[in-house]
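Please read the structure below before turning to the comments.
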Amino acid sequence: MVTTASVWDDVVRIRARSPLVHNITNYVVMNTTANALLALGASPVMAHAVEEVEEMVGLASALVLNIGTLSPLWLTAMEIAARAAQTRGIPIVLDPVGAGATALRTHATRRLIAVAPPAVLRGNASEIIAVAGGAGRTKGVDSAAGVDAAQAAAHELSRAHGCTVVVSGPVDLVVRGDGEVRVANGTPLLGRVTGMGCTATALIGAFAAVNPDSAAAAAHAMAVMGIAGELAAELAAGPGTFQAHFFDALARLSEADVRARLKVEGDEARG
Amino acid sequence: MVTTASVWDDVVRIRARSPLVHNITNYVVMNTTANALLALGASPVMAHAVEEVEEMVGLASALVLNIGTLSPLWLTAMEIAARAAQTRGIPIVLDPVGAGATALRTHATRRLIAVAPPAVLRGNASEIIAVAGGAGRTKGVDSAAGVDAAQAAAHELSRAHGCTVVVSGPVDLVVRGDGEVRVANGTPLLGRVTGMGCTATALIGAFAAVNPDSAAAAAHAMAVMGIAGELAAELAAGPGTFQAHFFDALARLSEADVRARLKVEGDEARG
Amino acid sequence: MVTTASVWDDVVRIRARSPLVHNITNYVVMNTTANALLALGASPVMAHAVEEVEEMVGLASALVLNIGTLSPLWLTAMEIAARAAQTRGIPIVLDPVGAGATALRTHATRRLIAVAPPAVLRGNASEIIAVAGGAGRTKGVDSAAGVDAAQAAAHELSRAHGCTVVVSGPVDLVVRGDGEVRVANGTPLLGRVTGMGCTATALIGAFAAVNPDSAAAAAHAMAVMGIAGELAAELAAGPGTFQAHFFDALARLSEADVRARLKVEGDEARG
């Protein structure tokens, strides 16, 4: 059940515990995702050296892996970190940025899933289809494909790997086994700022750090992301001012904001 | 002829086609240039692994190479990507950040030009002089030298390599063979935000993706860059708020803005 | 003596000379620290290739080393750069991001200090304690430990290496030998934006470039950082808008702002 209370309980826990979220992510979004985690109330750390990732995972409450701007040495570091996270039992959240665009990225995603299945896999429709083995090629990291195109792929991946799968789009699809929830919060401006998908993935890491139900954590994160986006859009005159207001909105988010705006539907969502 | 109509036709094409611009660029500006391309209406992708750059170029409509924060492996990736771009016939735009400051950067620029001549080379006066073999040493990546100091070097490079050369400054000089156009749009605030030269280079990539006339594409990009800067400066209280308003201005730019503000002169600029 | 006049003299010198500050820093904050240096009036350059760092140091007036997102090749580059800076006699400012969190970072910090003692070492309390050999483990790069917990460690490091040590916190502690100054300027919002500690370190680089008294330079930088933060906080609605206003405040800072707000105390601070 995704409700105002379930969303808000997680936000309160994140703000109270400030969980350390270890990110091995791409160069483009490091600053943005760190700021989003800080604004939400979590504590971000970025570290990618093979010499230290295992030790850093040992301090963290969640591990976020993101394959944008991937290179082989970084993939090795992600594998080491993923194994360490699995051993410790902390959740892994995986973002297959650009899967389907190049063989490196598609194979890296499958390799990371094989090394240690993530608690949550989040991508756009093209990426999720590509990871599941579909033929659709992404145009880089953007995709206009609706989430419905990836519905079957998402359920297939969820059942095969026991993970929650999020397909981002105007309406986000959160899949776990045969169940699904749709989160309809958001604004088109989220698509006009780079790294907002990666930011959603990072926020899922913070929610998964405080909530062992990965499907609920993912749905809560997508709802908070979308609601903060809606609040920011009301103050923005374009994508530049939107980004600044988005961080403000994450930091200022109140239970009343969630109650007034939460839009979820599905077999696990109730009033 | 650089006119309101010629500038605006390109903007409309970029917004309609959303060309994929593949950037191999420096760490400092990746986020900024991705946001600028998104705000303009293009679709940015950053990828630098030697294992995937050829494949990514295969999806792109333009390739932007930028040697800030260069290291040898990244130079190898740029060479592979440049060859792939040449084979496919998509335009290459090259930014020789810091050429003249270190031998690595000067030699890397010359090597990249030798591997595959760019459609457009854009730098500040010191960088262009250094690439042409002049003795002027840059103070890092900033330069107060006026564009006129680099006029001869720009024409020499343009004739030698058959490329358009842009010398950025308070007035931008766009050179192709013996012809030249000057774009006088802009604001001093563009010099107070890091990566605005790199952003100009990235925007040239988007314009070159939709306009096979590289000199026109470069002039259009510099005009749009400058006009967006002027619009942002009117709303800004300093370089921080300027950057946010700059992205807004790129996204909101109208034909009326271009008509009211375009300032070009030269033997290829009319009415 | 840290006074309005001593702070302002340095700001005027930075704005007049625009010293080139060479940064070898982490991916997360490169953009932010470059913008802060530009806003202050300095000239930032980022370069990390072992092939060029010595040459780049040769052009610079200060070297800033920051071990966030460290990897072994970057450490090698930092060592080469540190030796070159020592040979040239330009100040080194070192930020031991995450020292204590992993062995790589703790050892790297000690190695860099051994290669060439910095003029200024700046960290939070946990990092400074870890560098001095204390057992306290940091939770990543954030720390709630007050600066007093690191007072003894700071004096020990200062005496052992002849450097100024800054412990950042709600009140910043600036230590040189047996002397110390406390700077009480700032706002909690500085802790809600990523890289603000790293930004303080970068600003110290600019001040050290124009002031050979490293303790004064460090105290002046921390005061300017804090005052710009206070000015920005008055205009901000959260961490996103705060960051934009912070850059504006650095660029617009006036002597009257310093006079009205400077809060320092200690055996080297006088009205």
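Per-chain numbering from 1; labels A, B and C assigned in written order.
Here is the rule we use: a residue touches a chain if its C-beta (ideal position, glycine included) is under 8 Å from a C-beta of that chain, and two chains touch if they have at least 3 such contacts.
Owing to the predicted nature of the structure, the values given are computational and were not obtained by experimental measurement.
A.B. asks: How are the chains arranged in terms of who touches whom: line, ring, star, complete or other?
C.D. replies: Basically all the chains touch each other, so complete.
A.B. asks: Interface overlap for chain A and chain B, more than half of numbers shared or less than half: same or different?
C.D. replies: different
A.B. asks: Can you give the whole-Å distance between the Cα centres of chain A and chain B?
C.D. replies: 33
A.B. asks: Of all the residues in chain C, which ones touch at least 2 other chains?
C.D. replies: Each of 27, 31, 243-244 in chain C touches at least two other chains.
A.B. asks: Which residues, counting only chain B, touch chain A once they are in their complex?
C.D. replies: 18, 20, 22, 27, 30-31, 34-35, 38-39, 43-49, 51-52, 55-56, 59-60, 243-252
A.B. asks: Which residues, counting only chain B, touch chain C once they are in their complex?
C.D. replies: 26-29, 31-32, 68-72, 98, 101-105, 137, 139-142, 192-195, 236-241, 243-244
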